[in-house]
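In what follows, chain A forms one complex with chain B and a second complex with chain C.
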Partner chain A sequence: MARVELNLSLNRVEGDLEIAVVLEDGVVAEARTVGTLYRGFEQIMLGRAPRDSLVITPRVCGICGTAHLYSAVLALEQIWQVPVPPNAVRIRNLCLIAEGIQNDLRQTFLFFAPDFCNPRYRDQAWFAELTERFEPFRGSIYRQTLAQSRKAVEVVAQFGGQWPHSSYMLPGGVTIPPDLRRILACRAVLDDIQHWYEQVIVGAPLDEWLALDSADAYFEWLETPAHADSALGLLSRCARSLGLHGMAAGTRHMLSFGAWCDPQQASGRLLPGGFYDGDSATLSPFDQQLVNEHVRHSWFRPYPGGRHPLNGETVPDFQPNSDRYTWAKAPRYGDKAVQTGPLAELLIGGDALIRSLHAAEGGNAWLRQFARVRRIAYELAGARRMLEELAADIGQPHILNPAKSAEIDGEGFGLIMAARGALGHWLKIEDGVIAQYQIVTPTAWNASPRDSNGLPGHWEQSLVGVAVQDPDDPIEIGHIIRSHDPCLVCTVHMLDSGKKLRFAP
Partner chain B sequence: MMRHILCFGNPLHGDDGFGPAVYQRLSQLPLAADVRLFDAGTPGLAALALFRDCAEVVVVDALAPAGHPGRLLELAAEAIPLESAAAGHGHGVGYLLAALAVMPEPAPTVRIVGVEAAAVEPFRPGLSAPVAAAVERAVALLSVYFAPQHHE
Partner chain C sequence: MATLFWLQTGACGGDSLAILSAETPSLEQLLTDHGVELLWHPSLSHQPMSQHDAIYQRIVSGEQTLDILCVEGSIVTAPRGTGLYDSYRGRAKMEMVRELAQQAGVVVAMGTCAAFGGVHAAAPNPSDCIGLQFDRDRPGGLLPPEWRSRRGLPVVNVAGCPAHPHTMTQTLAGLAAGWPLPLDGLNRPQAFFNTIVHQGCTRNEYHEYDIEELEPGGRACLFFNLGCQGPMTQAVCNSDLWNGVSSKTRAGVPCFGCTSPTFPREADLFSTPKIGDIPVRLPLGVERARYMAYKNLARAAAPARVRDKEMDV
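Here is the complex of A and B:
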């Protein structure tokens, strides 16, 4: 038996992520995801004024800063028991949706789809068509996605002044009221994206596409030119012809905190959350008490077992030459490794088509990507609803500033569905300053290392059993990892001067 | 139409802090009324917004080491190749310029002022001596963007 160890620096993914796999006779026998960057926000927050979290934590990520801001403000509002007016919730949701659309478009059409332009696929029936649409900078969809995704975040700029890293949510509301000019500007942006999504991405009006409710109906529709020739139809045909619908399920357990707060009742969610137990195929309400994080295989100061975030710690302790291998912790729900993201969000939230496809074929790499494109329809419909409600209620307050005396000590959490899945901030305030801050990101769930019991995380599980044709160009692993929408953080930034600037002395 | 000066880079990573250092100096000087100065950081595709609503963009950034640390170069946008890491959140300026070229509206004129780095060292703040010395030369090169009375 040939046993080969590969360390893959997935440079199309990012510099902060490496995947180490062991191949046995060309098949992945085990996998480790290595987060190579210490984030450190938990330590940065200690001893600071509670409201600092609204400025600092949106900088965790350049893609989902709105989600971090939203989680941070929800946690403060829970501790201080601050009511939030419906218009503030609508504006927050609208901005979170815009950020999500930006991510879902870029992830699908700039990161995931271009992998199929690999020369290895040149004999596939779809290759020419696919390259014409998805080749970087040349493909029609690739180019259109660059323009459309840039437009989406203008919605955040309307209310947040900038994107990313904006700080326009405050305990009790948002900083800018809705006015007709802003509502119309957002409407114009979203109308444009929706028109493009209907015409080019799915090939059907939004309502018709959302009404599609079974796997059989979808596969039938995939045979019609309207959808088969759309961007999603083409992607589905090509991913399925490569067998991506039969691989890389990962853990069967899924987690969603529920998408978008209900403006009428901030603790409710417009799309319900919960925990999907993949062993029994049952849904149960989410219980945040069950969240715990392990560090047995991570470069943090050791502690036994798992800890709930309110009792957690994130103290760096680099231990090379040990069996520890990542800067990511291992979050668990009870003792279960779970996955989160659009697939979990729509399956738990009740989308009939995703539930039917999942029941028919189980979790898989194609379905994860498909769910991400499907979610854009929910995002567009949700954004429209928020804008209509804002227009109808335009004179209502956008913030109810809490009295200074409300800013008491205590502990709480803010849970939100970010573009990549379930995001939570947990904090404790003591003597008026932050005494504890723990952030559990979607990628922490998905890219989790092994826990104290040796149980691998979701990505690690999803890679086991995958056949790699060419270890020098393991594009199968690239498809799978990118179907998870790996989060990446910009670290070193350089102009690559390439050969053109190499002057001989 | 406005003119934008975009200073890219991360001051935590050695000579990658060249752009931010030029920004610091320029922000102390009176710029012409039609010039907007940005500390652009390492924003990936989000920086596309900074290329809008202007006629001209000056990109200030560090260049990969090539044997002459501190050498200041003025380049055309076409001279910057696509980074080998062509996608991801870590999009560099090469990717950004390629994206700019496929935007539906006409792109502004892009000038690039780059300094050759001695080394980019992760999490080691501070510029190398040759790159630090290039900051003032870069500022002098950009004096055409100063307010008229300061234009020598």
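Here is the complex of A and C:
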């Protein structure tokens, strides 16, 4: 039996990641995700003024800064019991949506789709058409995506001053009101993106596309010229012709914190969250007390079992030549490894088409990517609703600053759906400064290593069983890992073939 | 053609994402019209990683000319100076930076992390981060102060967290053209750092008349009470707007001074340290006694529309 170990170098904005894969006769028998970068945000936060989290933590990630800002401000508001005016919630949602649109476009068309331009596929019927559209810097969709995604973040800049990295959400609201100029400027941007999405990406008006509610209806529609020739149609045809719809289910359990706060009741969510138990195919409400993090296989000071983030610690303990292999912790929900992202968000949130496709074929690499493009329709509709509500209620307050006496010690958390999935900040304030800060990112859920019970994380599970045709360019693994939105590009590197090599940083 | 290799070290990717927002020139224009040949970018290159390694080897061996090396992210030196808290296939990234820098026509630090250490170097600096040729505000980071690239330049510090999109693409366009690039005392290209954030801020009139906000969310100036560093921070944020539309101070967010080597400050970032009534740090070059006298007069002279904060910003 030929047994080789591949070392996949996986580059992402939140840090770097490598994946060690053991191949047996060309099939992945075992995978380990390896976070290769440690920066220590949790320590940097200690002893700082609580509001400093609004400046420091967005810098965890250059692509999800708005989501980190949102989580951080929700946590402070929970501790200080600060009410938030509806218009502030609308502006926050609008900015989070714009960041989401930016991500979903770039992830799909700049990072996922170019893999199909790989020369290995040159004999496929779709290859010429695909290259013409998706080749980096040359393809028509690639170039349009560059232009449309930079327009999308103008919406964040209108209210936050810039994207990435701003700090415009503060306890009690946001820093500027929704004046008519900003609302109309945002609307112009979003209208343009919507026209392009309808005409080029899905080939149908938004309402018609959102009304599509079953797998059968979609597959029928996939054959119609309008959709077959669209960017999503082309991507679906290619991905399905390569079998990506039957690959890489990973863990069947899914997690969503619920997308976008309800302006009328900030604890509610416009798209409901919850936990989807893949074993029983049932949904249950999310209970944050069930979140814990394990470090058994991570380079942190060991502790037994898992710990809730409020009791967690992040003390580096680098042991490169041991059975510990990553800077990522292993978050678990109950004792379960879960996946999170657009598929989880729409499945749990109740999108009929995603539920139907999931029921028909299970979770898979194609459906994850498909859900990301589908989510853009929800984002566009949600953004429009926020703008209309703001315009109708423009004179209402955008911030209610808490009284100094409200800024008490305590503990709390902020949970949000970032572009890549469930993001949580947990913190404690003691003597007026931050005494504990733990962040659990979406990628931490998906890219988690084994836990104290030896249970592999979602990516690790989803790679097992995948056949790799060319270990020098294991493009299959690229498709799969990128379908999980690993922040940016994932790249693959082969160590010496034919013998087992232990990856040791 | 000027060859460019982009390397990420201890980064959040924010500079790579920010440069995608550039429009004059855009990243794609750099590649099509400004003579930049992108050898590798970790987020945008789609070739297999074996090609990355091959290019890297050819550069290090001198077979491939490297005109511009962009480094994005802090230089991680922990643990104990090995740099292994930030590795690529078991090798410290800081060693790769050292090797590539020796071959590069010019080395560009993209963002405050690469320039000075940045947010990751904030106390207690858990991963012992430094910049490429600065350690916060002290000369000498990974490379000694006297180090010069093949083209005779120190590390060019395109500071900012993230760096401003046009400051990045215009610096690269100038370098690709081979034009001279005068630098300031912190090795930042003068053309983009010889202006302060306060210049062009739409809240300036409120500042002139000393109408200051006490809490966030208002229209007036953020300098006296809310920690704004705009009057002492050198950057184009208000003269070349972010994403073509705005800036932090226009949006009511204090400038945190992210192009400065001491970013982020250790103290409460949303407050302004003062001695008596006067901020400890005054606008660039301003004398304390004169500032007091002038501000009192200005406040008395403020027109009602400013005093009552009637004017939108």
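Just a few scattered comments:
Here is the rule we use: the second predicted complex is superposed on the first by the 481 of 505 C-alpha atoms of A that agree within 3 Å, B and C clash if a C-alpha of one lies under 4 Å from a C-alpha of the other, contacts with A are read in each partner's own complex, and residues count from 1 in each chain.
Rule of thumb we're sticking to: contacts are C-beta pairs under 8 Å (C-beta built on N, C-alpha and C of every residue); 3 or more make two chains touch, one makes a residue touch a chain.
What you see is a predicted model; the values in this text were computed from it and never measured.
Judged by the touch definition given at the top, the superposed model places A:164 against both chain B and chain C. By the touch criterion stated above, A:176 is placed in contact with chain C alone, chain B being left untouched. Contact with both chain B and chain C is seen for A:149 once the two complexes are overlaid on the shared chain.
Contact with chain C, but none with chain B, is seen for A:401 once the two complexes are overlaid on the shared chain. Ranked by how many residues of chain A each touches, chain B and chain C are led by C.
When the two complexes are overlaid on their common chain A, residue A:111 makes contact with chain B and with chain C alike.
Shared-chain residue A:136: touches chain B and chain C both.
Legend: residue contacts after superposition of the two complexes on their common chain; A:63 is shown touching both chain B and chain C. The intersection of chain A residues touching chain B with those touching chain C, taken from the two complexes, comprises 11-15, 62-63, 106, 110-111, 114, 136-137, 143, 146, 149-150, 153, 157, 163-164, 487-489, 491-494, 503, 505. Of all residues in chain C, only 8, 10-18, 20-21, 23, 26-28, 31-32, 42-46, 48-50, 52-53, 74, 76, 78-79, 84-90, 119-120, 122-124, 126-127, 129, 161-162, 215-217, 237, 241-253, 256, 258, 264, 267-271, 312 touch chain A in the complex they form. Only residues 11-15, 62-63, 106, 110-111, 114, 136-137, 143, 146-147, 149-150, 153, 157, 163-164, 487-503, 505 of chain A touch chain B when the two sit together in their complex.
Remark: chain B residues 8-10, 13, 16, 42-46, 48-49, 61-64, 66-68, 73, 79-90, 92-94, 98-99, 101-104, 112, 114, 116-117, 120, 122 touch chain A in the complex. Within the complex formed with chain C, the chain A residues making contact are 7-9, 11-16, 18, 36-40, 43-44, 48-49, 51-52, 54-56, 59-63, 65, 106, 110-111, 114-115, 117, 136-137, 143, 146, 149-150, 153-154, 156-168, 170, 172-176, 179, 185, 316, 318, 320, 327, 398-399, 401, 472-473, 475, 487-489, 491-494, 503-505.
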